[in-house]
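In what comes next, subunit A is part of two complexes: it sits with subunit B in the first one and with subunit C in the second one.
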Partner chain A sequence: MSTLPLDPLLLAIATPLGLAALIALGLPKRLVTKLAYLGFGGPALCALWAWWNFAAAPKEGHGYAFLTRYPTGLDGFGVSLELGLNGLSLPLFVLAGLVGLAAGLYALQSTAERMKSYLLLLLVMQAGLMGTFASVDVFFFYFFHELALIPTFIMVGIWGGRDRTYAAMTMTIYLTAGAMLSLLGLIAIYVKSGATSFDLLTLRDTLAARPILEVTQQHIFGVLLFGFGVLVSLWPLHSWAPLGYGAAPSSAAMLHAGVLKKFGLYGLVQIALPLLPLGALHWDRRLALLAGVGNVLVIGFVTLAQRDLKQMVGYSSVMHMGYAFLGLAAGVTFGVGAVVMLMVAHGLSVALLFLLSTSVYHRTHTFNLEQMGGLAPAAPMLATLFLAATFASIGLPGFANFWGEVPIFVALWHFSPGLAAVAVSGTVISAVYGLRAVARVFFGPRSPGFSEVAAAHPPADLTWGEKVPALILVAALVFIGLWPRSLSAGIDAALAPAPAPLTAALAASR
Partner chain B sequence: MDFNLLRESAASNTWGALWPELGLGSLALLLLLLEAVLPPRAHRHLGAVSILGQLLLLAGLALGGSRPAPHQAFNGLIGFTEHTGLFRVFFILSSLLATILAQVALARQKLPRTEFHHIVLVVSAAALLLVESRNFILLFVTLETMTIGLYILVSYFRSNPRTLEAGLKYLIMGSLSSALLLFGTVLLYGAAGNPALDGHTAQPMQFGELNRFLAANPDGFLCAAGIVLVLSGLAFKIGGFPFQIWIPDVYEGAPTPVTALLAVTSKAAGFIVLVELVRVFEPFHWLVEPVLTAMAVATVLFGNLAALKQHNVKRLIGLSGVSHAGFLLLGVASLETVPQAAGAVYFYLFVYLIASYAVFGVMTVLAGVDDTRQDLADYGGLAKESPFLAGILACGLGSLAGIPPLAGFMGKLFVFVAAFKAGHYGLLLAAVVGVVISIYYYFGWIRMAYFSDEAAAAPGGPTRAVAAAGPTLKFTLALLAAASIVLGFYQSGLGRLVAGL
Partner chain C sequence: MDAVNTALFCLLVPLASAALILLFLRRAGGAAAALSTLAATAVAAAALDLAFSGARGHASWEWIRFGSFAISIGVRFDDLAALMLGIVGVVGLCVHVFSLGYMHEDPARPRYFGGLSIFMCSMIGIVLADNLFMMFMFWELVGFSSYFLISHWHERLSASDAAKKAFITNRVGDFGFMLGIILCYWKNGTVDLAELQAHAGAGHLVYSRAIPLLLFCGAVGKSAQLPLQVWLPDAMEGPTPVSALIHAATMVAAGIFMLCRIQVLMVPPALTVISWVGTLTAVYAALCAVTQRDIKKVLAYSTLSQLGYMVAAFGLGSSAAAMFHLTTHAFFKALLFLGSGAVIHACHHEQDIFRMGGLRTKIPVTFWTFTIGVAAIVGLPGLAGFFSKDAILVLAYGHSPAIFAVLALTAVLTAFYMLRLWKLVFLGAPRSEAAGHAHEGGITLTAPLLLLAALAVVGGYWAQVYPAGLRNVFAALPEAEGATHTIIFGTSLLVLILGAGSALAFYASGPEDTLETRAPAVFSFLTALRTSFDAAYDTYVAKVQQRVALALNFLDVIALGGGVIRGLCAGTVEMAGFWVRTLHTGRISTYVYWFLGGVAVLWAFAAGVL
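What follows is the complex of A and B.
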């Protein structure tokens, strides 16, 4: 359903994937670095096109626009490649496009060894990310996620920092276990619904007419919650995240922490909540407790104790996922909508933080916060952007994160005032470690270690290659921060006609 | 001249329905004949003759694929289903690939080659007849033909003591399994032929007749014992727990192409027969399903746990093959509730063939003169020395591990869905645990090839061996890797196997 000759959603997947195939077949390096701009820019343009045209586009079932179906030979099994966007997937599709572009640009200016293979893997990952959020078919939703996940392991293993082999192995095992559990949950929905298709629209219609038994819903939701939970680093299944992000090369960390990790939350919002509303009601208090105490408080204090900049960003991303889970647990439309906003905002800000941390590393030659200090005079632009990223991640008004966190707190207040208090105190924790890190890196006197490094390699400000991707991310954060309706209108529309069982169940329970 | 007689015999000409099997047999005989008449220096081209002949058979199958086959032949000894054409392609493909690998492996040995190619063809023809047999006599005869061929092939590199040891072990364990199978058959024969029992039949060896008899006596102890013994005999072939015990030693000792043949042809034949027999034993599903379920759980867990700590890649792939047998058993155990599970099992076998031969191909190239010593350490730094081989290896292992977008994932997905529909939740949980464990050793292998900086330790390491991989093998391996990737995205005709699941 598009007026363009080619389906932009398919194009967003096919451009990076096709380029990756060309690289694998031996495209010369000179062409690779030129075409890579197209490979990373294409999906971003497609995403912006979709965002620009979404409001006006004709909507089909359940608020989906741009629906197109491509057969893959599995029609008899109920699987076909079906692409489309609704108000929930559009923000994440745009997020994937923007962060992908930033990560790609940052990779292109980096001095990674074996650049061709590095770009190839990033492009495959980018294709997988675009596909994940554009898929309406549950099978392909999972399929594209895995397509993006595998390159992460390889990139950590080859281009990672210290402990890369151990980190790659840990990530692989944790995330495979999580992915397998979620797959089981998705199969369970398909089998138990009695539908003959993996198509989300069909599943929703089938289940709206004939919901699954309450007990079964609870079981399936539990499997999905913990399966997706591992992928989103729900406490206590989070320990792969700081380790993996600490070791991952910056572009991989940006794409994974920024976008891919949102897969699990997105799956819960887009699939589990509407299809298994009774299951969600059964689990919400337990989930809220795990996320509130575990992710926000425990990990918040753990983050405070970090002495390594990248580890700190890694832990802080685990902590912020706690807010998203809390919003989800609050269970009302308001909270769920805020979770989607937070996903986008957090994706942009954590990608920005990973990018800037690596840029800091290139100037200080260490991630150790104790051995830095006084970088601001030498690199004012870096300092400004880093400060902006920190403000965003704390949730200051004017940045997108504000519109994610505040509605979550409000929604949470109606759900459980105690947890709301925990969540709000979490912001204080994140303000403390965020601002302290800024102070350690950029202000105060130079530490003896950094003085030596600075004497040998005088630190310079951000180069254009670093500036452009960072500015893309900052611009998006501020744009959404100032005009949240650009995304929230679609989110509201997607959540407003909550399926009858969900509304009824919620009304009955409260 | 009695034309009527000729016309009748032409109409009932069931030999024609067996043309691929006859073709394989004739090709095997042709090789021996050519060896006798051609001068010795021409003998090394006989492998190419075998490859060409098999390609012709495959082309014939592709062209005549749509022609409807008769339902049965030879008075019910042999039966054809809609999948028969697919099995033929499968087994001929497997022997073709084994022949191509053998070209490389045999070049390193001072041994006669024609006989090797000959026996590979005979084994494949027997495997084809085995999966088409609908009678226990034919089943046993073809099974033995296949297994005896494999006895010879396993110990083909006869100067190597480990290979001889493997041959002896395989012989003893194989005979034991044949004996179990035979004993089970005899019990079933005795029970079904007993005129004192309801529904007794004059032809108890015939699958259809036996099925009718079992339906009339769904609780006979003798039959139950016979069924368990028959299943045990087959469990040896497929490597199901607790009959997987021979696998690591035999896989290690056998020449790599033969290991591949054991892993693919022998295992697949076992599974296809198992699917057929589960249908025959359907009245005893109260017995068959729990037995298969327990076997599946134990096989998945044992295979994966045992593979964790292997250093010899042939043992590793053998034990990982045990775990694959477990995943396949997942599908077989679901068969009685979900008949479409058979399609999932067949699909899995296909992707397993493609992925396994990619890995075995790389193993064959990298093996030294002593084919039995192939260590994980030999793969260190492979990606730097030969990105091509490392890429093939990654595709093959990734597909075996079941990582999307590779075909192996689709295979696992389909059997999982089948098991889910059949309600085997505990089994699924074991399978998921198995998959996660398997990631560790598959990725350990890939990690060795890609992330390890230590140069290959093996004498005559990858550099020299890579040059030895001829263009035929390279082309084949590239095709296999491509097939693993494409089948993950786009299943096309093979997708019909799982329609309705």
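What follows is the complex of A and C.
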């Protein structure tokens, strides 16, 4: 019900998609590189518009604002393109807009071969991401995810680094399997709910009136948990992540690790938890154990052993997803709210780390941490931003990540003090590998290997093309870090009505 | 302006200064230095105004809320906060002014002064915090500024390592601190200091041993108590004014301040643990200080030792005595560190005390102010350190003879290593070219020394010197006037004469450590004692942590990624493929049978047989 002549949510999807179609039709390269700014900037502007107007916008069912329904011709199957945002999807919509813009700008300044195809795929990915988080219809929620996922495989396969074919294949197999499993779960909800629509609002109303049998909920939640779990690199189904991110070109890694990966968590928070609260209760202990011991502790130590900067960032992102799962498992309202906060914060910070790691690579000609050192004097701006990104990702107050981690720790203690201790010990592990990487790359004397490289190609500081996307991400991290209410108020409002059956069930089961 | 607004002004001015330097003055060293110093001046003025006017206040704003859980940012400006803010303001200003001269030649001045401003903001945040979550936030930020400033000369591997070590060691302590805050939240439903106080007043505060001990972990990290003391000596890699401000006067004292803030949660068993941790740190660090050659490292170990006194005083039940020693220590230790900075500056960055000597006449202002600092720390009657140390000794004497004995021994050692330092640096003949050509620094170096020296002289007369509001903090001192307890006074004098006299008599003004040449066994024992913790941690990192990490990495890549997931999944698919392939025989007759079978199944399904 937007008062604007054009629905900004639709615009956010249509702009990159339309431009991608034009490129496919043979738009000349000169125009492509100009129009691409519009293609990446448009969604970001739409996202900021939604962020700015969300609090004041009139809310419809379940706290959704900006609801609009578009006919698709599939209404007979209960499928329609329905766009809208609630307090849980707004943060991710904003995340997708900002990271998309940063990834797009970074791609535009890169020297990728076949630039037109590269931008085409990135734009399709961007359209898919905006669509996923703006969709109220479960069918399109899934459809847009696939739209964003498939370009990832192609980009890794064509523009990837070392072992790109193997990495692309592994990613494809894992993620397709995960996506199919989640599709199975989503269809099961649809079938078992007895609703005649994939519309999430209808599904919620139907299931609130007549919940699915507890044992069925448990089965469906299990399918969704592991389906989505693969997509979010739940231990031990995470092996695709460090491999894939290690090989992926930087913009694809930024968009995938930063935004697309959050699809699974978002699905659990937005769909699985409210629709299957009893199923969630059945799985919470097991999920917490896998995430706490597997993702946080085991992967934390594995991250310590990494010598490759990009692999290390990849593993650290697997580790931090453990916190998100723990927050989900903890089940108390504020744990789930904090998960959404952490998704945004982690998305911004990991995208920033992938971006800066690539910029480091352009100066050191290696990702091997042992062959770097002493880069800070030559590239002070790069060092400052990398330091900021590292401290953001290890949860320093003042950056958004802190507001995700701390409420999760608090919620977790109520659930299991032992797991809370494990999770908090993760902050020490993160500090060890994060600061070690900063020291190895930027501080101390130059390693012999880097001295040779630097003699041949004297390293310079960040160019504006690299600086601007990085600054966008840092600014977002700091803004949310200083003013968390800008997101948390909406999240809190969206979660407030949901936990009533959940808390009742919690009280009954414990 | 009321107290809360003025306090917020103190918090935000350094933040604004840091932000401006980061955004606009990254290449303008002079402007950055001026802006940061101006901010520090404003903070000092506002802090003194608050201290003397007696204005107090409390305000709080909700910062984030998820359901029932909220974190707020607030200002709790009481007498304790006023005292601490005053210390941070005055010492901060002295260090800023000193840095103007000391860091004048440094090419990275904007980064340095920006870091100082970030530190001032973070530290003031701890002082003003009205709840434990907010304190934790600024606590972490203080850790970050410490990291940032220690690594100022990051081209040196040692500085880079020291910064990393400082932050990680603090994080280990904060692990406990965070869990303590969470436990307190779940047990009491709040972490707001005023509400906890109110709960205690109403008699329904939940006491437990775990809460205070976990919170104490934070203090163990930040105030560098055993066994997390290892980071502080290494932190001397940072510029000397930073050592004076952060690693002597304010940040490391934040642990003691935090303990005073959460005193209401304390239970006797926890206090016993705290008092012994402090006592053992005091004597351990004093023993370590005896063998140091680096002027800053001697002072670093002495800081550890004095922090141990404060922690012990708190553990013995007197936060007044702990805060009193914190106050006097902030003055005389900042003086000693800045004095050592002046010495290092005069000797062209020579830090080895065995390569100094004869500086008494070369740099007279530094000599006399440093001498006042030494007199204050060893507890010469009449100076600041005498009163505060006496208060702690009286306290220990009344509570635990064992702690009293250890602390008295520590006092002997303190006098011993401080006089050793003083004699080697200032007396005798110059033992290096740099020491021979030493000359006094400018007014920016000497003015802070003179101010701090004055405070080190009068800082102990709290009843006469301090404004009325701050006196409330010290009202519960075990020995209000000093020197009234004959046994303690006698002990103090004896201890002083014993320690100082033996050091003056024993050490010769030569290039060799007299202890090393005369008593090598004692020397190597003390050295081993000093390095034992680092050795143990290094062994853990290299032999345990790294091996576990490598083993898990191997399992993750080979066993899990390659074996289980790929083997199981790919294997199943392969098997299925193999089985399905056998169906493709290529003979028409086989396919006809399959077709007939399929038709039968379909018919059965449609007819409802299946």
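Just so it is clear, the second predicted complex is superposed on the first by the 507 of 510 C-alpha atoms of A that agree within 3 Å, B and C clash if a C-alpha of one lies under 4 Å from a C-alpha of the other, contacts with A are read in each partner's own complex, and residues count from 1 in each chain.
Just so it is clear, contacts are C-beta pairs under 8 Å (C-beta built on N, C-alpha and C of every residue); 3 or more make two chains touch, one makes a residue touch a chain.
Small disclaimer: the values here were computed from a predicted structure and weren't measured.
Trainee: Could you check whether subunit B and subunit C clash or fit when both are placed on subunit A?
Mentor: On the superposed model, which is not a single observed complex, subunit B and subunit C clash.
Trainee: Which partner, subunit B or subunit C, touches the larger number of subunit A residues?
Mentor: Touched residues of subunit A are more numerous for C.
Trainee: Which partner does A:293 contact after superposing on A: first (subunit B), second (subunit C), both, neither?
Mentor: In the superposed model, A:293 contacts neither subunit B nor subunit C.
Trainee: Touching A:168, do we find subunit B (first), subunit C (second), both, or neither?
Mentor: first
Trainee: On the A-aligned overlay, A:143 touches which partner chain: subunit B = first, subunit C = second, or both, or neither?
Mentor: first
Trainee: Once the structures are superposed on A, label A:492 by its partner contacts, choosing first (subunit B), second (subunit C), both or neither.
Mentor: After superposition on chain A, A:492 lies in contact with subunit C alone.
Trainee: In the superposed arrangement, does A:337 touch subunit B (first), subunit C (second), both or neither?
Mentor: The answer is second: A:337 touches subunit C but not subunit B.
Trainee: Looking at the overlay, what does A:191 touch: subunit B (first), subunit C (second), both, or neither?
Mentor: first
Trainee: Answer with first, second, both or neither: which of subunit B and subunit C does A:378 touch in the superposed model?
Mentor: Once the two structures are laid over each other on A, A:378 reaches no partner at all.
Trainee: In the superposed arrangement, does A:471 touch subunit B (first), subunit C (second), both or neither?
Mentor: neither
Trainee: Examine A:76 and indicate which partner it touches, taking first as subunit B and second as subunit C; both and neither are also allowed.
Mentor: Once the two structures are laid over each other on A, A:76 reaches subunit B alone.
Trainee: Under the contact rule defined above, give the subunit A residues that sit at the interface with subunit B and also at the interface with subunit C.
Mentor: Overlap of subunit B and subunit C footprints on subunit A: residues 173, 177.
Trainee: State the interface residues of subunit B toward subunit A in the complex, per the touch definition above.
Mentor: Per the touch definition, subunit B meets subunit A at residues 391, 398, 403-405, 409, 413-414, 416-417, 420-421, 428, 432, 435-436, 439-440, 443-444, 447, 450-451, 489-496, 498-501.
Trainee: Give every residue of subunit A touching subunit B within the complex, in rising order.
Mentor: Listed in rising order, the residues are 24, 72-77, 139, 142-143, 146-147, 150, 153-154, 157-158, 164-165, 168-169, 172-173, 176-177, 180-181, 183-184, 187-188, 190-191.
Trainee: Could you pull out which subunit A residues touch subunit C in their complex?
Mentor: 173, 177, 236-237, 239, 243, 298-299, 301-302, 304-306, 332-335, 337-338, 374, 376-377, 380, 391, 396-398, 402-403, 406-407, 409-411, 413-414, 417, 420-421, 424-425, 427-428, 431-432, 435-436, 439, 442-445, 484-485, 488-489, 491-492, 495-496, 499
Trainee: Within their complex, state which residues of subunit C touch subunit A.
Mentor: Of all residues in subunit C, those touching subunit A are 26, 63-69, 71, 133, 136-138, 140-141, 144, 147, 151, 154-157, 159-161, 163-164, 167-168, 171-172, 174-175, 178-179, 182-183, 185-186, 545-546, 548-550, 552-553, 556-557, 560-561, 564-565, 569.
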